[in-house]
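Following: one structure in C-alpha cells, then a few remarks.
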Amino acid sequence: AEVTDATVAFLMPDQGSTRYEEHDFPGFKAEMDKLCPGCKVIYLNAGADASRQQQQFNSVISQGAKAIVLDPVDSAAAASLVELAQSQGIKVIAYDRPIPDAKADFYVSFDNQAIGKSIADSLVAHLKAKGVSPDKGGVLQINGSPTDAAAGLIKKGIHEGLDNSGYKILAEYDTPDWLPSKAQEWASGQVTRFGDKIVGVVAANDGTGGGAIAALKAAGVDPVPPVTGNDATTAALQLIIAGDQYNTINKPSEIVAAAAANVAMQLLKGETPEAKTTLYNTPSQLFVPVVVTADNFKAEIIDKNIAKADALCVDRYAEGCKALGITQ
Amino acid sequence: MTDTLQGAPASGEPVLSLRGISKHFGAVSALTDIDLDVHAGEVVALVGDNGAGKSTLVKILSGVHQPSAGAIRFRGEAVTLNDPSAALSLGIATVFQDLALCENLDVVANIFLGRELDPLRMDEVTMETRSWQLLNELSARIPSVRAAVASLSGGQRQTVAIARSLLLDPKLILLDEPTAALGVAQTAEVLDLIERVRDRGLGVVMISHNMEDVRAVADRIVVLRLGRNNGEFSPDASNEELVSAITGASNNSVSRRAGRRQAQTAQQPESGQ
Amino acid sequence: MTDTLQGAPASGEPVLSLRGISKHFGAVSALTDIDLDVHAGEVVALVGDNGAGKSTLVKILSGVHQPSAGAIRFRGEAVTLNDPSAALSLGIATVFQDLALCENLDVVANIFLGRELDPLRMDEVTMETRSWQLLNELSARIPSVRAAVASLSGGQRQTVAIARSLLLDPKLILLDEPTAALGVAQTAEVLDLIERVRDRGLGVVMISHNMEDVRAVADRIVVLRLGRNNGEFSPDASNEELVSAITGASNNSVSRRAGRRQAQTAQQPESGQ
Amino acid sequence: MTDHSKFTASPTSPLLDRRDERVAHSASLGDSIRAFLDRIRSGDLGMLPVIVGLIIIWTVFSILNPVFLTPNNLVNLLFDSSTVGIISLGIVCMLMVGEIDLSVGSVSGVASAILGVLWVNQGVPAGLAMLAAVAAGALIGFLYAQLFNRFGMPSFVATLAGLLTFLGLQLYLLGTTGSINLPYGSPLVRFGQLLVMPAIVSVVLAALPGLVILYTGYRTAARRRAAGLSSQTSGGIIARAVAVTVVAELIVAYLNQGRGVPWMFGLFVGLVLAMQYALTRTRWGRSMFAVGGNREAARRAGINVRMIYTSAFVCCSTLAAFGGVMAAARLASSSQQAGTGDVNLNAIAAAVIGGTSLFGGRGSAYSALLGIIVIQSISSGLTLLDLSSSLRYMITGGVLAIAVIVDSLARRSRVSHGRA
Amino acid sequence: MTDHSKFTASPTSPLLDRRDERVAHSASLGDSIRAFLDRIRSGDLGMLPVIVGLIIIWTVFSILNPVFLTPNNLVNLLFDSSTVGIISLGIVCMLMVGEIDLSVGSVSGVASAILGVLWVNQGVPAGLAMLAAVAAGALIGFLYAQLFNRFGMPSFVATLAGLLTFLGLQLYLLGTTGSINLPYGSPLVRFGQLLVMPAIVSVVLAALPGLVILYTGYRTAARRRAAGLSSQTSGGIIARAVAVTVVAELIVAYLNQGRGVPWMFGLFVGLVLAMQYALTRTRWGRSMFAVGGNREAARRAGINVRMIYTSAFVCCSTLAAFGGVMAAARLASSSQQAGTGDVNLNAIAAAVIGGTSLFGGRGSAYSALLGIIVIQSISSGLTLLDLSSSLRYMITGGVLAIAVIVDSLARRSRVSHGRA
C-alpha cells in the first residue's frame, strides 16, 4: 500500500549528549522527507525520565502516530510500551538500545556493548604497541550513569575488553548523571591515590573523558596518559587533534537514523524489512562503529565528512591539524 | 526585710508549693531560690519589676521551661512538669503573657485547640456557639469568630487567650498580665471572673503591673525582684510600700513623679489642661 | 452626644489633621469617617474599647496600612503615606502595640534598625553606649543589650520599642499602648518622657486603656467606638463619663463591678483581706 | 448614647454571630453573590486563581494543537498526574507542619524496587509485595521522625541524607538486573495502565460530591439555626451543589467520550478528599495546622507536637511509597530510574503551586490535585508541539511562571486588602 | 531594703553593661575560659559542632585510606570546594532573607555557556566574556527580584521556573556544539586547575587574620573602655589571635608540602570574608538579617524591604554565575551538563549544613565555607574507596547524617538551655 500522510514519532531518551538533536533526528527527518514528503514526524526527548517517555509515547499515539521509533530510557520498562502500541496495531522500532523483554517490530542500532569493547580494545592495543608493561600499573574505568541502561551495556563491553587484557583495572566509577565534573573529581582522587601508576583511562563517553583529562592536567600529569571517549563530539575531536585525548567513537548516527526511517516506511507499507541478524528475538540491523584516533582521524572524520576541517581547526588546533595532515 | 503577712485565708495544705526554684538562662539567673505557696480559693498576685522573673516562674509552673533547681509540689505531691501537657493534665491552666495563639487559625480553633469536641468529626457548630458564649461573658468585641487570630486587635487576642483557659476545669489558674491589653469593660469582666473562680475554690496566680487591680482581687501579694523573693504583702499594704519593694528603693521614679505632680498642681492649679 | 472640649491648648494649624478616614478589611469596617487633629505641644489620648480601631488608625498614620477613604494633612500639607518609611521621613515616629521588633537581632540592633551609625562600618561601640543611655533613661532592667530580643521579657521588649522611637527627631510621636507591659517604675518614666517631649513642642498621640495614666498626661481625650468618633473630652472628665463613652452604655461591666464592690465593702468591711 | 441596644440581642440581628454592626453580612442569594464578587475584588479567592491559570494554559495549548483537548489525551494526562499527585499529597502533609521531604523520589523508587523484587523475583503475591513496599515507606518516615524529634536534625538535611541513602538502596535492591518488568496483564499493571471506570460508575461517582454538599449543607444549616448562629440559605447550598455536580458531570461525560475516567485517578481523588477531610475536620488535622502555624503555641495547648511531626513524616513517606508502587504499575516496571529525575521537584512544586505554603500552617489537600494537573498539563501540552529541547525547557519555565503569576497577583491584592 | 546601690553605678562594677547582678561575667583570661566551657556545656557553640563533625569524617576516611589526608588530595578538595562554595555563598544571601533560589545550578550553567560561546567561539577577550557571564547572572537575579517584588511570586516557584528556563537557555547557547573546550594553558583555566600561591604569599596571607584580630581587638577594647563599656582583656585578644594564626599557618604549611594553596580557594575564602563583613558590619547586612527575621518589623523600621530582596536575589545569581565561570575554568570546558545534577542541592545543603537557617534571619557566610568542605570531604573520601554506586550513595547519605547529628545535638542542648 502507498503511504503518503502517516505520522511517525521519533522518541529519544535524554539530553546527556547532543547527538540526538544534532545527528539522529536530522538524519531521520531528512530520510523521511525523501521517502514520504507528506508524512509528519514528531520528535520528542524524554530527558532521561522513563515516566516522561511513557507520557510522550501515549501522547504520540493520541496524535495518531502509526510507527514509533523508540530509543528507550529504560530498556526493560519499554516492554510495556511496545505491547501497548502493538495492541493498537502501531509499529515500534527499537532504536539504539534494545528492548529485551518485548518483541519490537525491528531493532536498528549501533551495538553499545561493542562500543565499550572497541574503545577498551583500542586503548589496550595502543598501550601494548607503546610497550607499556602491565606491571607498571593499570587503567581507570569511568562508566556512565548508574541509572542508565545504555551505560550498563557500555560498561559490560569495556570489561570484556579490559578483563583479559593483562592491564589491571585500578579503580572503577559509575558517574552520576554522566556529569563531567563528577568524573573529574573522581579522577583527581585517583591521581593522588595511584600517581603515575595510571597508564590509561577508559571513559564511557567524551564528556567523562574530558573530565578525566582535566583532572590529569590539573594534577600536573605530563604527558597525559591515553584517555578514551565515545560520541565524536566536536570538543573531543579537538582534544584528539590537540593530542590530549586518545580516541573516540565515530557513530555516524545519521546513517542509523536513515536506516530506521527506511524500516519505518517499509513497515507502514506492510512490507517486511530485511533483517541481517536477530537480537532478543527481534529482527535487527546493527552497525559497526569506528574507533577514531589521531591515526585515522583524517580518513574517518574529514574525508567521510563527519565534521568540517574549518570548524575543528580553529586557532589553537590549527597546528595539530597540520600535524595530522587535515590542513596544510 | 519583708512584711510577712498575718491573716491570709490560707488553710490546710497548699494546692501549689514551690521550694528553692532557680532558673538560669546561660549566664543570666532569671530566678534564684524562689519559694511560693498557693492555696485553694486564694488569689495570689505576683508583682515585680520588668524582668523580675514573673513570667519565667509561670512558664516553669506550666511546664514550658524546666527549673534549673528546686522542687514543685502540687496538691501535696512532688511533680515534675516536663511538658505543658503534663501541667494541663494536672489541672494547671495558664494564660501566657505572649498569649501563645496560632495566628493562622481562627478564633474558634484557637479556643478549642487541643480540646476539640469530637476528634474524628469536629463539632464546629457546638464549638462556635460555646466560643461566642465565652467571648460574650468577657464582653469581647470580636467581629467574627471565623476570622484568623492574625486579624484581631491586641485586646481581642488577649480575650481569646483568656477564653481558652476557661474551657478547662482546672485546679489552678495562672494569669500572666491577663488585663494588659484589655479595655476598661473587659478588665472589669476579667476581675469579676477571677473572683468567681476563687469562690469556686480554685487557686489563682495573677501577675499584673496595675496595683489597683492587684489590690482589688488579690488575697496576698508576692513581690519578686531581680529573680528573688522580695516580700509578701496583704492587699491593704500601701502603694508606697509595694512600689518600694518592687523597685528596691523608696526613692524611685514613681515617688519622684508623684512628688513632682503634687508640687506642680499645688503651684499652678489651672495650667493642667 | 459628645462633650466638645472648650479650652484646649490647641493653637494655630494642627501638626496632623485627619478628615473622613475610613478603613475596611474585607467585610469589616474597622474605621468609619474618623476626624482627628493633633497640635504641636499637645498630647492627645486616643481611648476606646478593644477592637475600636485605635491601632488601625495608628497604623494608617504610620504608613503601615493605607486608608480606604479620607484625607491626611501633616503640617498643613496633604500627604499620602504609602509606606512606613514615608511616615518616618516626614517625622512621624511610632511605637506599635505589637512592638514590631526583630526577635533574631539583639537590643542594640533593634534600637538602631534602619538608622545604624556609619552604614559601611557600623559603629557598634557608640550604638551600644547610646542604647544603654536610652534604656537607663527609661529605668529598664535589661541584663545585656547583646542578648537577642527573643530572650527578653514582655516589659523589656516594650522598653526597647520605646527607646527606638526616641532616636529619631520626630514632629509627631504615636504611642500605641506604650505602658501596657511596663512595671510601675518604667510606666512613670514613660509618662515623664511624654511630658518632656510635649514640652519640646512635639505632638503626641497616646493610646491607653489606663484612664489614670490618660488623665495624668493627656491634654485632650478622643474616644473611638466601633470605628467611629465618639466624643472628645478634657482630662478632667469623670471616669463614668469616659467609660460610658467608651463602652457606649452607662450601665456597663465597669459600673456594675464598682457598684458591687462598694456594696460588698459596705456590708462586710472586714472580709476583704 | 442610645445605641447600646446593639449589643443586647437587637431585634434586627438576633443571631449570635451577627451582632457586630461593623461587619457587612450577606443574607439572600443575591447578597451571597455580591459578597462573592466582593471577595474576588479583594483577592480572597482560594483556588480560583490557579484554576484560571490552568484554563489559560489549556486554552493556549489547545489552540496550538487541538489534540491537546481530545478526551484520550486528557485521560493520559490523568493517568500521569495520579502517580506524582499521590506523592505530592504526602508533601502537602510535610509542608503543613513547616517541614520538607526531599527524598520522596528516592522513597518511591525504593518502594517500586521492593515491589519488583518481592513480586517478580521472589514470587511473593502482588498484594503482599505492595504492602511490604508501603510499609517500608512508613518505616522510612518513622526513621526521619526519630532523627527530627530526638536529634533535632532539620528535615531538609535528614531527608537529603535519605535521598542519597535510599537511591543507593534502590540500586542495591535492583542489583545487576537493572530493572524488573512487572507482568503485563497482571491486575496491578492493568490498573496502572488501562483500567477505566465504566461510564455509569463514573457518572454516579461524579454526582456524589454534590449530594454530600447538599446533605451536610442542610444538616449544618439546621444545626446552626438551632444554635442561634447564622446559616447558609437553602438557595446558596443548592446553587453550590448544582454547580459542583454540573462541573463534575461535564468533565466525566467528556472523558467518557474517550477511554473514560481512570480508576487510578479516581483513587488519587479519593485520597485527596480523604486527606482534605482529615486536615480540616479532625483533631489531627487541626493539630497539623497549629504545629505548622506556631509550634510553641501548639505545644503549650497540650498537643503532642512530636507525635504530630511523626505522623506527618510517616504520612509523607507512606504516600511516597504508595505513589512509587503506582508509578511502577503505570510503567509496568521497577526500574533503577524510578523516582529519579524531577519527581522530587515536581511533587514539591505541585503542592506549592496549588497554594500550600512552604512555611507551614497554610494549605489544603486540593493543592496537590490542582498543582500536579498544572504541571502535567504543561508537560503534556509541550509533547504535542515540535520544539527543540532548549525551547521546550524555556517554554516550560515560562508557562509555569505565568500559571503562578495569576495566583500571586490575587494573593497580593489579598494582602493589600488586609486579608493575609 | 539596702540593695538599691546596685543600680547606681556601684563601685564594684562601674561599667555601663555590667550593672545587672543577675549576670555572671568573666573578667580574667581564666574566667573567659570558664565561660567558654560553660558555653560548650550549654551548647552555644557556633561553628564548633560542624568542625567536630568534619574531624570525625576526616579521621574515618583517613583510616580507610591514608591517601585522603595527603596534602595533594586536600589541595584537590579545596579546588573542588571553591566552585560550588562560591555558589553556596549566594545561597546564604537568599536564605538570610528567608527565600530560596533553586536555579543556581542553571544560572551557573548559563554563565559557563556564555563564557564559552563569547570567549572561544566569538573570540571576545576572556576578561570581557567573564564580565558578560557574571553580568548575565546579575540580570537574572534582578528579574527574579521583579517577579518577587512586583507580582509577589514565591521565590520557590519563580526560581523553579528559572531553573527550567535557564537550562533551556544554556542548551540553546551551546547549540550544535554541545560542549566547548576552554583552552588549556589560558590564564583562566590555569587559575581553575593549577595556580597555587607561592609558599611565602600563603604564609603571609595566613598571618593576616590574626593581625586583623589583634588590631581591631585592641582598637575596639580601647574605644569600649573609653565609653565605659566592658572590654576584652589583652590576654583574651592575644589568645584568640594566636590561636587563629597557629591554625591557619599549620594548614598552610601542610598544604605547602603538596602543591600549595590554590589561588581559587584563596579567592573563595576572600569572598566569604567579604560577605561575612558585609553581613555583620554594614547596614545592608543588618537589614538582611532584619528582613529575614521579621519582614514587617523591618518595613516599619523604614528599611526599603524591596531593595533588600533585590540585593539578595542579585547577589545570589551573580555569585552563581561567577561560580559557573569558575566551574568552567576548573573543567576547562563549557558543557551542556554544567550546573546540572546535584549542584543546586549541594549548594543549598552546604549553606544549611553550615548552620544557616532555611527560615531566614540566622546564619553566616562561614556556613558556605564549612558546609561545602563537609560535602566535598565526603565526596572526595568516597572517591578513594572502591565502592559500587549503590554503596556509594548509601554511605554518602549516612555520613552526611552523622556530620549533621553532632550539630543538631549541640543545637538541641542550646534550646534546652534557653539560648535558641
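Labels A, B, C, D and E are assigned to the chains in the order they are written; within every chain, residues are numbered from 1.
The working rule: a residue touches a chain if its C-beta (ideal position, glycine included) is under 8 Å from a C-beta of that chain, and two chains touch if they have at least 3 such contacts.
Small disclaimer: the values here were computed from a predicted structure and weren't measured.
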Just how many steps, at minimum, does a route from chain A to chain C need if it may pass only between touching chains?
2
Return the chain pair with more inter-chain C-beta contacts, choosing between A-E and C-D.
A-E
Chain whose average C-alpha position is farthest from chain B's own:
A
If you average the CA atoms of chain A and of chain B, how far apart do the two points sit, in angstrom?
76
If you average the CA atoms of chain C and of chain E, how many Å lie between those two points?
43
Between chain D and chain E, centroid-to-centroid distance (C-alpha), Å:
36
Name the residues of chain D that each touch 2 or more other chains.
20, 22-23, 171, 388-389, 392, 418-419
Where in chain B do residues touch at least two different other chains?
25, 28, 141-144, 151, 226, 247
Of all the residues in chain A, which ones touch at least 2 other chains?
15, 146
Touch relationships between chains, expressed as pairs:
A-D, A-E, B-C, B-D, B-E, C-D, C-E, D-E
Of all residues in chain D, those that touch chain C in their complex:
1, 3-4, 6-7, 20-25, 35, 38-39, 42, 44, 416-419
Once bound in the complex, which stretches of chain C touch chain D?
1, 25-30, 32, 65-66, 226-227, 244-245, 247-251
Residue ranges of chain E touching chain C (in the complex, touch as defined):
16-17, 20, 22-23, 220, 223-224, 227-229, 281-284, 286-287, 289-290, 292-294, 296-304, 361-362, 418-419
For chain D, which residues are in contact with chain A within the complex?
65, 67, 70, 72-73, 76, 79-80, 83, 171, 178-181, 184, 189, 193, 327, 330-333, 335-338, 340-342, 376, 379-380, 383-384, 386, 388-389, 392
Across the complex, what residues on chain C touch chain E?
62, 64, 83-85, 88-89, 94, 96, 100-105, 109, 113-116, 119-122, 124-126, 128-129, 132, 141-146, 151, 164
